[in-house]
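Here you go, one structure.
Order of writing sets the chain letters: A, B and C. Residues in each chain are counted from 1.
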Amino acid sequence: MAAWLRRILIVALITLAIAAPLGQGNYIIYVMTSWLVFSVAAMGLNLTLGYAGQISLAQASFMAIGAYTTALLTLAGWHWLAAMPLGVLACFVVGFGLGYPALRVKGHFLAFVTLAFNTLVFLVLRNEEWLTGGTYGLVGIPRPNLGLFSTMRSLPFYYFTLTVTIIAALAMWGIVRSPWGRAFRALRENPIRAESLGVDTRRITLLAFAIGSMYGGLAGALIASLVQFIEPGSFGLAHSLRILLMVAVGGAGYFFGPFLGAGVVILLPEILRFTEGYYLIIYAVLVIVMLIFVPTGMIGMWGRIRDRFIARPVARADLQQGAQLK
Amino acid sequence: MSQPVLSVRSIVKTFGGIKAVRGVSFDVHKGEILGLIGPNGSGKSTLFNCILGQLEPDAGQVHVYGRDVSGLRPSKLNRLGVGRTFQQLSVFPKMSVFDNIVLAGQEHRGTMLSRLFGPSDAGLTADAERMISFFRLDHLRGTLAGSLSYGQQKLLDAAMAFMAGPALVLLDEPAGGVNLTMLAHLRERLAAYNAEHGTTFVVIEHNMEFVMSLCTRVIVLAEGAVIAEGTPDEIRSNQTVIDAYLGG
Amino acid sequence: MMSQFLQVLLSGLATGSIYALVAIGFALVWQAAQTINFAQGEFVMLPAFLVLVGLNYFDLPLWGALLFGLAMSILILGAAFKKLVVEPILPHGGITLVIATIALGILIRESVKEFYSAEGQPFPSIFPSDPINIFGAVVSLQDILNLVLSLGIVVLLTLFLNRTRTGRCMQATAQNPAVAEILGVDVKRMVLYTFLINAALAALASFLITPVYLAKFSNGETLGLIAFIAAIIGGFNQIRGALVGGLLIGVLDNLVATYVTAEYRAALPLILLILIILVRPQGILGTPEGRAV
């Protein structure tokens, strides 16, 4: 995509995001806000999965860490802006601690470690009642008050979330276009060559996972204020898998993939409401079918359509092999 | 004589009872272009991989500037100033020529943090342009590496190995599959780089003509051991070598 | 004291041997097709429901329903899984396939929930659960027979893989498909057999373990995790490894629940996993495959 076209598109999207909730009911605004929140979580996982090529199955657990930290601190009188960074930092530290052992071994060990980690987080949230309120959860979490701009009503909170999301997206943009981003791409295309050029693949993968987990924490801090009530069940394995599928559906490794994927996952239940309980079944089938035919997700699908109907210079296919090293 | 750039001491590597490399030792000094040749299965690739830390030798040491580098990860070895190319094409096909080159240098600039928060080119644009010009790839700067011709990819591959300014570069069959015109160009550029920067090369190669015209010294391996060593002219007339090739 | 310990140990071995069946299937599929099957837990959950369908909808006797469940499992979780999911997606890369198996897990789980029931269902026991007395320990006959039967299955499987021509061809395929192909092994067929065996093992494990709990759509979550961890702990590339891993987890889980903490017993897999990575990443019986690059 040409740079100017992309810029126009981004401005148009932001304008749309600002204008869309105007005049809408609370429910629609709520759905849009949760779309933003899950986009943030999925954006982080996209760094881990799409850029660094590691599967994390604990993004909801990191949301839980962010949500509970923020909730506990704001309930104790802290401001959201002070509480949130602590939650995000906690996610970085925990992510680092989990990833450090897991990434020492070749293979998808991070997937197993994070899978098991979901259980631990759930157990802590449920058993440590003195801190987390156990199965009853935490109630009455305040929303941030920004002086003139109170976010108690749903529309201001939406704009608050939108601002946070845009800042988070800009930070992510900075990461993927920095030398790190180049190293990620190199890693994905040819890890052995990247390593031979001095890329410390293990360390950079670990940091990608830890940073991706921070985005989970940020999403958690937002959802605590959005829903104002959190309990262990909202952060189970099913939710981690849901975020993973958002990334895959949108297009792993594409910057805008997570926004698209989160939109689909949030909106699909609304669209498929007529199917009643069957929407997850339909969704799972759609995901498998999509992975068979377009493994690069919806953004990849757009690329296919574009290649098909808009002529562009074609790279000679016979010269593209050779990148594979045994 | 000064300290060798690379010193290989009694490397042994066995694969399930078969001794692929049986106690090979040699030194390489600054500015040398050492050719490593031998018939198929003579153990050159295994030896190469042992030197580069891709395989762990059963015995023996590898020293770079006197430092023991056995068991170092490839990225650490690279940061100590050892570059390499691969036998198979190994550029990053979906990145531009420029990005390929910058990537090859960026890990040697600054810290992890500065590479996250610093400029996107890691301050390497000028160096990268120079390297691209040196290998005469200027017109292809923005082209995706995967759409270059085979020979151009080989050139890019070599350019990447030099980008971090290494003291030692190991070239794994740089001439393999390259057409004659491109081959002459590649040899000329490698020799020019060596003359200009005094970089030490170790070259594994099947193409005798290429080795004999590029290298200053040649070591011949057969059945995992060194059978001859000398200048290209000495090797050409060495009876043991001729027998090894005809017999193998 | 001693008798309680023995009791805990024996019932741990009994559940552990069932975990081992699941872990062995998981490891076999991993070896033969580089497939990390994240739906493995659901593969154990589903067959019990197939048996319930046979019992309640087709009015089959118990043995008939078990055979029906086994056959359907081999068909769906073995053949169809390989043909419809693994074969088309494997060329797109390991991560894509992992995500697909995660989606498949959701599909199986939700289908059972929607089409059968969201409530736990009682499942008929194959063996009587009369208590028997062994050296003072009171153990249910069911546990002992479960242990004997699953160990018997493992022995049979090992004999099949080592002693028969097909079994040896399967091993050759798992170790080096290219060489196996040159030696005239029908590699594709061998890979298919591996998937069928995995489905059969999962079904048998399902029949043995479900009577202990209830048949519930969410059973797969823990079972899958335990199977992965058992395979990793024992050594990914070994049948013996998965067996040892499964038994170890079964026993440790029981010991932890009895003597340490019941509240955090479910955290055991995570702790074991991190320990094994730090101490012996190739697994207890595994051999290192080379360093991580």
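General remarks:
Keep in mind that, in the parts below, contacts are C-beta pairs under 8 Å (C-beta built on N, C-alpha and C of every residue); 3 or more make two chains touch, one makes a residue touch a chain.
Nothing here was measured: the structure is a model prediction, and the numbers come from that model.
Touching chain B and chain C together: A. Among the other chains, the CA centroid farthest from that of chain A is the one of B. Averaged C-alpha coordinates give centres for chain B and chain C that are 47 Å from one another. In this assembly, the C-alpha centroid of chain A lies 41 Å from the C-alpha centroid of chain B. Here the CA centre of chain A is 32 Å from the CA centre of chain C. Multi-chain contact residues of chain A, defined as those touching 2 or more other chains: 192, 195, 201. Among all residues of chain B, those that touch two or more other chains are 73-74.
Contacts with at least two other chains are made by residues 291, 293 of chain C. Put simply, chain C touches chain A in their complex at residues 36, 38, 85, 88-89, 92-96, 98-100, 102-107, 110-111, 113-114, 221-222, 225, 228-229, 232, 236, 263-264, 266-267, 269-270, 273-274, 277-278, 281, 289-293. Residue ranges on chain A touching chain C, taken from their complex, read 49, 53, 55, 57, 101-109, 111-113, 115-117, 119-120, 123, 127, 191-192, 195, 201-202, 237-238, 241, 244-245, 248, 252, 277-278, 280-281, 283-285, 287-288, 291-292, 295. The part of chain B that touches chain A in the complex is made up of residues 52, 73-75, 78-79, 83-84, 86, 88-95, 99, 102-104, 106-109, 112, 115-118, 120-122, 144, 146-150, 153, 160, 163-164. Those residues of chain A that touch chain B in the shared complex are 174-175, 177-183, 185-186, 189-190, 192-201, 203-204, 207, 315-316, 319-326.
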